[in-house]
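Some notes on the structure that comes next.
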Amino acid sequence: MTGYAYTILIPMIPLVMFLVTGLLGMKWKPIVSGLLGTIGMGTSWVLSLITAGSYFFGGHHAEGFQTIIPFETTWLRFTETLHINIGVLLDPISVMMLVVITTISFMVHLYSLGYMKGEKGFARFYAFLSLFTFSMLGLVIATNIFQMYIFWELVGVSSFLLIGFYYTKPSAVAASKKAFIVTRFADLGFLIGILILSFVTGTFDFGKLTEPGTAIFGSAASMSFMGISALTWAMTLIFIGGAGKSAMFPLHIWLPDAMEGPTPVSALIHAATMVVAGVFLVARMFPVIHFQAPDAQEIIGYVGGFTSLFAAVIAITQYDIKRVLAFSTLSQLGYMMLALGVSGYGGEEGLGYMASMFHLFTHAMFKALLFLGAGSIIHAVHSNYMYDMGGLRKYLPITHITFLIACLTIAGVPPLSGFFSKDEILVAALHHNKLLFAVEFLVAGLTAFYMFRLYFSVFWGKDRHYHHTPHESPLTMSIPLMFLAVASVFAGFLPFHHLVTSDKMGFDTEMHMAVAAPSVLIGLFGIAMAWILYKKESAVPEKLAQRWGILYTATYNKFYFDEIYLFVTKKIIFNYISRPIAWFDRHIIDGFMVGIGLVTEKIAYQIKGMQSGQLQHYAFMFVAGTLALALSLVYFLM
Amino acid sequence: MNVFLFYLFSGIILICSLLTITTRKILRAAVYLLCVLLATAGLYFMLNYQFMAAVQLTLYAGGIVVLIIFSILLTSHISHRFKHPDLVKLIMGVSTAVVGAGLVIATLLSHSFQAGSAPELPVDMTVIGTQLLSTEKNGYVLPFELISILLLAAMIAAIVIAKKDKNKNSEI
Amino acid sequence: MNILTSLVVIPILTIIAILFTKGLKGARLVSAIGMGVQLLVTAVLLFSYLGLRKAGVTDEMVFTADYTWFKSLNIHYFIGVDGIAVAMLCLTSIVVFAGIFASWEMEYLSREFFISLILLATGVYGFFISLDLFTMFLFYELAVIPMYLLIGVWGSGPKESSAMKLTLMLMGGSALLMVGIFGIYYNSAPDGGPLTFNILEIAKIQMPVEAQRFFFPFTFVGFGILGALFPFHTWSPDGHASAPTAVSMLHAGVLMKLGGYGCFRVAMFLMPEAAQEMAWIFIILTTISVVYGAFGAIWQTDLKFINAYSSVSHCGLVIFALLMMNETGMDGAILQMISHGLMTALFFALIGMIYGRTHTRDVTKMGGLMKVIPFLAVVYMIAGFASLGLPGLSGFVAEMTVFVGAFQHQDMFHRVVTVVVASSIVITAVYILRVVGMILLGPIKDSHHEHLEDAKWFEKLSTVTLVLAVAAIGIAPLWLSDTIISSLKPIVERLAMAIPF
Amino acid sequence: MIQGIPLEHFLIVSTIMFFIGVCGFIIRRNLITMLMAIELILNSVNINFVVFNRYLYPDQLQGHFFSLFIVGIAAAEASVAIALIINIYRKLQNIDVENVNELRF
């Protein structure tokens, strides 16, 4: 048990790196910060791998995996039972997440050495990366839901800082603001969910909450608010928090804009790690959701399914390659949520849970690869747009190959990793909900189509007019590409069903040919369509777009969700709430206060008139007053 | 005879008082005031306070009225006739006077005074002089001294105030 | 000499010393030394307090001293502190210390400025150590009155009218308060015996319920006005906008806390039954305060106005949490007072510094300052993050304690308003990020702003002190929270014993 | 004591005189006339003092003496008042009380 004490170092190293590079970074040459950060991250990575190795493979697990808490301390005490602890919790999903985060983060650190070279604020970039990694690691190893919330917020802020890295660009500033506020809104749901949960159960602790058959919900069933049970409320609200971070519909609007950040950031935060925090959260709370709030689980499944379809459709029409990838990320996150939504608990029933985690893992690898590849392309041609690209396979061979591998993986071509994980999600969906299965099946085809649309139009087709001949990226950038490509290829062979399961006990699965074969076929069909339409320059896509007219425009404009949100925030909140309140405050409330003063002044002015300077008036007043007093004394008081 | 004289003096006092404040020529007002004061002195004589009456004649009638007449001569034209007073002021003044007088008279009539039965103290100059400068019981040396200081102060004040300023432009 | 008395004596000595100085240099040096010593004394006080508690001293108040100074009315100079007062004293010392450095270049009538500023601080120190209602009120007035001069003489904009408004509204509060205090005094011995102003003595007896019902609103609203309770908050935007930097810092940072502190130490502690009965009215008012202040801040364009409305929102949260009347909620309230005190002082310091450079406080006229004055910009961002409740900074700790505490309440009404209040964290994020986005990020809007000078050493000292305090509470809140909770016990118990009638 | 005349008659006379003085003080605008009105008032008070002394406490002289003092004070008052009036006349060229209203508001 105590053998894992070193795991505390995994998040602490990035924290130290953040403080060091953040405070001293300006004094050094930029590259020193970069190297320090990278080395620190490498150390964390190695430690994570050691942890994973000894946790998963270092012992006998017939009884299932133990939850280990090597370190825990009270951070803030609310009441005797309710306190926020800060600690390290190791169980299969957190260990898996440790590996994912440190791997991707390390790759991104390495990659950025080349990509960000010469940028202003290089040291700042590394400081923020370290901060983000620290927060993300703290999030996944949280021992209680409040620790998770703490790091959840920190992750949000680091994301804000990194999206707004190019802070002189108004679009980047706007995007960072949007990301923060949208997720903040979702976090409010999360917070209220936590409050309800803690009120009902009297604890924040994951151990107590997720223990199967626990008694802490005993009194909870009877509590309800507006006809819905307290726990359903709590879980739905917590899911809203997760949906905000994971950009589920309708809180997805921040993610495409977040692509304003530097590309490595998109790879790290907005593809591989932070956006899966929502999925992770749902997975973490899974026993509670599944047993106590089945309605909430339904919601999760449907939201996930809808998001994946919705995003896949939009992805088809986008031209900014990073946005295509962003919508693809949305779509894949939808997959993961859906898998959790349709999962049962324990053994085979928990296939969805396992599949979700599995897909999270493989998706992290291949999506990071895609983004880093896209970064490499952007680095070469200095544009984000597909119509500025074409025929790049000659100039960027390594990028080309790795990108192709990633595309094949996401399209679910066997035996690449994406095939396995997606297949299991489909199986789980088929067992629980036919409708969602159909949706996912369709999305699988769409995914293959839009990815290959991207692939063909970038790497094939005619050369464009480039400012200078595109050239392959430096070694620091291509090594991560290659590593991730290898990971994408082989990750599928990891025995996830023995390692990461809902009840921490391994189970056996087999290939479901009935599902696998059609899904591969539809993937291939998608690829073929893309090949026909985009392999060579042709007018067909244009024509298709014109034929679908309105629908195309709507899709291209992401179904106008941004505009709706803008309307709500700018028009309603600013003009119809905030402005009237400001006015009300200035004129009514303050007016009232000032009015008291004015009335006093008016009265004083009136009274002043009596002080006329006319001696005889005073005399009259004096005598009349005396007489009045005398009268009243003589006739009324005596 | 006494009774007749009393009502005579009272009549003079009341009528002349009224004329003092109603006449529109200021010098006449001063003369009416003099009449009032003289009649008052007459009342003092009747009450057997000769010293008091003498003081009244010399100080009041002789001193103050003369002072007033001098100041009238300094500040007004003899033939100057006042305007009629404002109606508002007239109402104010008359109403207070009537109400006040009514109130006071009603009060004093409803009150019965117990006439003192003690023997009358002869009021001659010796008694007055002794009492005025005595520190014993019934001695008034302290007010006497105060009055003398007050008079001195008033005299100096009057001189200072009325003195012509050397710098003619400067204000009071 | 009693260590608490020295907290009042040192500022007075400093004032006397300033009288013998000449010009700005001497005055600021003496003030800095005086307030530095004060900071040290406060630190000593803190550690000796913690030492005493560790040693097992369980008195409600420690370091007490008692001198009678007005015998016939039984007025005492009775002082003593518990954990809450110690925490508030630390806050005061830090903010005053930072405030001195923030006004390091106050050229105009500098001696008089520092004298008034320290006089104000004296009042605040005295207020926090007093356990005698009358002495407390005396110090309270001492703190409020220099404010008029400080704003009226050294302010900017429509300073006279702002100073007038602020002082009159606070004096209005004082008037209510005085009624309340005398009401308590004359009911302090319901079964005969000498009347007393002693808070601890009054806490032992049960005031007649009718009297409580009558005097509780006076006392609570009286203190509430200083704590920017809706709808008596309008002095805050004008006052802050016109006040010079250090005064805004002290006022928002410390003086507004007098209100919250008084609310529970006097109003709720001494009249628990009435507090229980009337809490709901004030809960509604504070809920409005919180949400309304936050929305109000969104629309403003003057940096100080934004911050003033934000203060309304945050101080509303303080009183809201106090009214929850459970340990966690009140703990949160006090944490929020300290946290808000520090970060709003930081905000006002920064606004003053930015204004000193750009000569405008209009957010629409600034932009891209991050590039020109990175130090100030980064600190501003930290302050912003603290304000919107970023974990690791004090705001988060305070807000979470408030929300958790409030939500533990058994009553549904309390939980629903908690949710409403919690929504302010989103609105806060909106207005903070709006400002940060407008003035710090983006391109530079005004070409005059391209060559501004970054923070000077004293500005760095001032801001870094506050940032360190904010971060220290944010990273390790446990000791502070525990200290506060242990001191809250008697108050909470007394409130819990009071049966609503 | 005057045989056959009750105390009340004196008092009524002095009261009427007093209020005539008050009335004069209020209605006349000339400062000197107002001064005369004051003299009337003082005089009426004097009568009261003396009469009370004579009728009620004939064995003492308090009223008598106070009347004396009042006369003294009246003299002092008149001298100061006239000094003031002359000064005002110098400044304003008249002695109308309605013009002496510097001390207002």
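Should a chain be cited, it is by its letter among A, B, C and D, assigned in written order, with residues numbered from 1 in that chain.
Definition applied: a residue touches a chain if its C-beta (ideal position, glycine included) is under 8 Å from a C-beta of that chain, and two chains touch if they have at least 3 such contacts.
Just so it is clear, the model here is predicted, and its values are computed rather than measured.
Across A-D and A-B, the chain pair carrying more C-beta contacts is A-D. Rounded to a whole number, the gap between the C-alpha centres of subunit A and subunit D is 97 angstrom. Centres computed as Cα averages put subunit A at a distance of 102 Å from subunit B. Put simply, the C-alpha centre of subunit A and that of subunit C have 37 angstrom between them. One simple way to say how far apart two chains are is to compare their mean CA positions; for subunit C and subunit D this gives 65 Å.
Multi-chain contact residues of subunit B, defined as those touching 2 or more other chains: 89, 92-93, 96, 100. Annotation for subunit C: no residues touch 2 or more other chains.
Of all residues in subunit A, those that touch two or more other chains are 616, 620, 623. All chain pairs that count as touching, in label order, are A-B, A-C, A-D, B-D.
Contact residues on subunit B toward subunit A in their complex (touch as defined above): 89, 92-93, 96, 99-100, 103, 107. The touching residues of subunit A, counted against subunit B in their complex, run 616, 620, 623-624, 627, 630-631, 634. Partner subunit C is touched in their complex by these residues of subunit A: 74-79, 82, 84, 146, 149-151, 153-154, 157, 160, 164, 167-170, 173-174, 177, 180-181, 184-185, 187-188, 191-192, 195-196, 198-199, 225, 569, 573-574, 577-579, 581-582, 585, 589-590, 592-594, 597. Interface residues of subunit C facing subunit A in the complex, by the touch rule stated above, are 165, 168-169, 230-235, 237-238, 292, 295-296, 298-300, 327-328, 331, 368, 370-371, 385, 388-392, 396-397, 400-401, 403-405, 407-408, 412, 415, 418-419, 422-423, 425-426, 429-430, 433-434, 437, 440-443, 477-478, 481-482, 485.
Across the interface of their complex, subunit D is touched by residues 608, 611-616, 619-620, 623 of subunit A.
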